[in-house]
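We just call them A, B, C, D, E and F in the order they show up, numbering each chain from 1.
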């Protein structure tokens, strides 16, 4: 198959998924889900390294890379129930953010226009500008909401003289018209950024941001359910963007701008499961995994599980009868699996 | 004293405990608890390194190695209240799993038959086959339950062509008749393994496995109390096996097959305390600590605390009057210690 | 400006704060808060490295070092609302603890006597002896309570033949008369130290220590509120001492004597916010950050956020109308910021 | 293509070389060189981790994995001049050394019997038993010499009760008759092992071992030329075995039993170039790269370069006219390349 | 002083050197040497991280940052003998290589046009395009030679679709006319890049490249003396560019594209001393230090010493009487220092 | 045996050597060599951690800890030929340098006065003050020379207000009269310290310091032979002090003040062998190994080999007939060992 493959290192796929190619639309058309690598850190304001994120997320798992991952919790193997292929990386020269993001946008648009759900492995968070635009170009600007896990609002203006840093993609998206401000649902914000003038800009655009104090006091699942409701009221589908730094640096040290006081890994995985079981998805990205700052691959592995949790939930929710609504997490593991086996 | 000592490095003991020797049954007979090292990683399916687990668990503590560790929470110094000795390592060549496990089984049996409680420091999880058989050979096959903290069920069949990998000890135990399937209580499972056919096998053998979704929704302590009740209904004593990967990789990065979304260190220590205070123990092992993947010794230290928590609870529960039942965790520290001082 | 600067490396300040100098009382007098570095590990009983704590805490942040950090949660930029300056390090030769602590005590006293709130960046915990005495020398012995987050009581007697180790400062403080035993509120204790005779000494001096079992069962915020109440009943002001090892080693691996089973980063930050919003502060120190054992700067960054959380809370609580009492954490982020903008 | 692929992680090949399969003899027959992975650490006496050596050696390079590596020094691209394929890993369960080595021996024999030169990526040094036997089974026992770079003689007898440890393969080879003692040329020995009785055994078998003191005083190239001469006098071909610990731990920290005082990376690469340019090769292995103990991949990269240096030299030496003899290292780089271009 | 300061972290200077500012030409005019940071990794083809190089090189030293570094070997303190200031960083957004390099070129030109020698701390090697152009714009295109220590020729054409990668600056310089091909003297090349067509291009432009085989056989000092002679024949001054990867990965692991078989640190420092003592310098840069891949700061410290060695040599060579020629390295240290003291 | 044991961690001995005790003079009197640990970093001016040096040096070896280490190069097992015991650590509180050094001096004096050769495992270099005084107190002030491998002269005056830092022990020794300046032979100095006034002081005291430029140009062995000759002319015995930072940071990253451009590990080991074979030794220390900054134990292992190299040379030189003079390093390993076997 003629394809770009991996920008760095050998051409491998997400846990052994079958290959497809952006150069071959037929290979995309057959897919439910297409995984794309965005090996880019040209938008990073501090620690780089996310260019190696896609490869780390694809390969860090300890089980065989055999395109099979049955979820214990959900009782589904997404690789069986869905057609999932990996289109390899988009070539993204980190020294030219504008061109790189343009190339990524075209690639995502190509996936979406062929009817597959794009899951993009970042890369720094600037890629979400391209990811969401690629989807919105197909589905229509203003038709998609963004549920966004992150320690940072990413609504900054200009950084180091550039419009394309990883602190600004959400502003660029709103400015471009791809998503309206009220279609933004941000969860996990904390710390000391952005400054008040940016917060005012965000408020003017009617964004909804759940800071950790609110999440702690109201409960994460309450906030998520509210966010889902809001999203579904104002749009037809949801793009889910997971910045791994929404987790506490204990669970995700391998990232560019860690901010203490975040979610546990358990909470993030449960949140992803809940959202992906309940909303129609337009796309997913997982960003800001920086392998040079990781230890024992724990951050890459968490991102890998975010993808698998999303895939397993999609596999289950797609079944006849809205099964996802009936899933009972308190039912003993073996009861479930035996019955369903 | 004539003894094997440590397979790697100098002959040291758990926090300075007195030495005993497998070659000298009298030295075992005098003990309430005998600590054994199982420096083995020949069963590991991915990252090795657990051969250095016993030494790391014995020595990582920052306090003097003086065989005294008064528990603040429990108000007991197990080294005072119990006779605890360290028999050193069993020689286990990682390149010959079958022989190594056989040697360990004999060693554990020797401890148990001399009336002491064996606590085995692993080593990868394949050692639990030997640990539990060693105990069951003395107490009778079918007389012991296993409470098992782990991210993985460890009930696989054949791995890399071998029956003896660390993904299979629980199946081998059931096949061997040492423990029945319904005597298995597994807590903390999650992720994407094992596949459905293995889950069916587990269900057929009536194992009870608490996946993290169930634990999150019902509460860890509720699940533990239920597991204790089940265990006591079908057996006379409990073997406690703690795979350190039951904890989240944040708390336990130094392990072979980390799985995001696990318990916090606090939760694991509380769980061990609860179980060891309430059940008659037949043995304990702590496995899967892999020092080459650890950072700042935090994983080894956690395993060290699992052992101490078990020892302190045993010391307290062994007292006249079933004191453990009356222990009140909400009582202020100094109130308790003063009264008891 | 004539000042000592940094003991190690270039002369930098906490996130770009303006400089002041201990040699120039006028420069202190103008301040609300003075930050001091105590680059000392001469009291450490195990892993050293805290001598590099002050520099790491000052510089680890990923945002510009521009003396501006608007808190998302609190809606205040302490650097705007307060006059915060950094006096650099006190020269502390780690090979002469007694002299070093004496120099630090004089420096803190100098800050306090000029009317500024001292925030000291440690350094190992032995520095709290100097920090609290420096404050109490000005406010009066017996007039200040200590709220103390720590895995360890730090009330030991003699360590390696010395009175000045980091396991003993709280005993030295009580012996010196600077603080009475009943003015001690310790939160987060756990593990296997100190031994019963030390606990008896603590009880005799009527210290109040919240072990983690109590905190887990009663809730951290309940315990904190009780501690605040106790502190305010018996003193005019509170010194807050945060040993970073109160957090679990997952969140704070870079420390000298990590003890598994501690607080999450989120819990610690919320606790600091609560205390600093509600009590009149006499001083703050953050201790036991050891960069050589840190990974990806996560421990230093957590300590940095402890300082910022304290500063932001002080900024808010100092406002007209006791605003801190009315702060509503469940109010959406952008609602708050817009209204207050 | 039906093949085993990689034992750990995705199925990748050495720098993008074409795949071949042990299951498909035709695919081997077409090759000049076949690369095989031996992902094994079951023979390791101390630090494990070499099971991840093959994957690290295959993938650590920073250039595109495009099966092209023109050597600057030699002016040849081995991937152009030779048919080089990668047969993937042999499945080797580290917990059963005997079986694993048997499987490797069969695989190497299969490569050799199909007329290709096997290059085996270890794995611990116990694999050399299988590697050399696999070759000698085809070429005839006693027909091959071994030039062996190593800090250790690897002629021990029984280790942890086993005959199959990585300290013994050279004794096992001699005992098995595959190679005679006088066909052993060992370079780089140093340190404190083996003991005198083993040295006597070695002397009795007329092995030739160059300890570092001899190498330092006589010069490495003098010793190598003497070793080549010896080898060619008593055999038809040479197997080259490079234990990466022949280099100083500065250059090769990622290994199981580092021994200070070894060769520089430069010296090792020059030595490999010299040997592979001048002798008929029967096989090559590169062993003892342990990624968990490596830093920034420098050890894996050195092993990767050992393989490339061997390949480039083979490519040049195989040319018409014995060109390798005429290679002039003092000729300026661009002179050479222009003329030859 | 109004200046940009540091792009990342606090505004510090090279070992405490006095500040100057690009915004204030007078502050440059007073200098013999101006140090500039180029915190850029947007040209990196593999591991990023060089954006943190300038800060690491400035601050990694263990001695006081007091702008004094008397060279033992040379008997000169460059900070006394020369006016050395640090202009801080040029703001270089790594996501826009073209703009960033343009800004750096202007900055270097500004230093050179004010009569000071620029020493630029990289940054990846793409910055040399800007560094040399900045100098050549002032001195005249074609008037400066480049002596270039590197494992790689850096004469590639297009990389990831860009002209501005760190594998291409030397080609871009020749194409731009700033330096002619015959004014290039490259030392330390090795490995497997560039391919023959690039080598032909280099030969056509009459570059002179010393591969490691030539250096090993002829001797480094012989090659350097020849390179110096060549440089002085065809130009008025020399720009010295030191890519830290010219050293072996043992000495310089913290770099983006390490290539085994390089120089020792000792050899590089001696080489820099020799060149800087003997040629009129137009500028110096030290590039490719990547702190995220460094260990214990050894790579940054080596780069720091390269700068100091250059400064000390300049200080000595600038003295009346061409003293540098008479420097006798065999003279005992204390003889020299006493006489000169 | 009543003894202090280890200050940190379990009571282990150097590679399994028999224990002796400072409290039991008889146990010392029986020894040829007594090993002492000096777990101290209170004199360190920068990175601490040498308090863990003694334990790391004792335990880092990969071979069994069985008190047997036959040297391949020298053909002697020092543990057989000499009576070598380990007296454990001297308790040295790093926060009180003066007291700690006093205690060490007494301990060394006790060893020397009982007729054994003291080998002290540091600890930072300030311990050499105590080590040499302990010896000189017994042998007579002025009767011992010091051969001193180090990147630094360690002749500073006051550091951080103290006389006892690790930059000053050589000055303190001269001032105390224990050794005269002309009895100092320093090898390996380099870098940018000390300043001229200290060099003048050194010259006035007629010290002899070999800077690396001299060593490079004249050859290390020439310089060593000259140093030996000088030492033997002015004293009866030699104390050998090896600061591990004399080696290049590539070989010894785990140290407090690394200085690029040092010796290779090979060169240091050969140098130690030469000296210890040829001079009557009064004592040896190995200092400045800092495990927190080490990687894969390579620095500790190098220090371990320095001790073993010294012991093996002593074992050989002590034989009848001055055998050491006749040792021929060019003789093939197996020739030697067979004849001598």
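Note that a contact is a pair of C-beta atoms (placed from the backbone, for glycine too) under 8 Å apart; a residue touches a chain by one contact, two chains touch by 3 or more.
From a predicted model like this one, the values you see are computed outputs, not experimental measurements.
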Partner chains shared by chain C and chain E (touch criterion as defined above): A, F
Given chain A and chain E, the chains that contact each of them: C, D
Chain pair equivalent in interface to C-E, over half of contacts matched, among A-B, A-E or B-F: B-F
Centre-to-centre distance between chain F and chain E (centres being mean Cα positions), rounded to whole Å: 38
Interchain centroid distance [CA atoms averaged], chain A/chain D, Å: 44
Whole-Å gap between the CA centroids of chain B and chain D: 41
Junction residues of chain F, two or more chains touched: 46-47, 248, 250-251, 264, 293, 295
Pairs of chains, among all present, that meet the touch criterion: A-B, A-C, A-D, A-E, B-C, B-D, B-F, C-E, C-F, D-E, D-F, E-F
Contact set on chain E toward chain F in their complex: 62-63, 68-73, 77, 248, 250-251, 264-266, 269-270, 295-298, 301-302, 305, 308, 329-335, 337-338, 341
Of all residues in chain B, those that touch chain A in their complex: 45-47, 189-193, 195-197, 199-200, 202-203, 207-214, 216-218, 248-251, 253-254, 256-262, 264, 293-295
Chain D - residues contacting chain A, complex: 6, 9-13, 16, 58-59, 65
Touch list for chain B against partner chain D, complex: 7-8, 41-44, 46-49, 51-52, 91-99, 126, 159-162, 164-165, 292-293
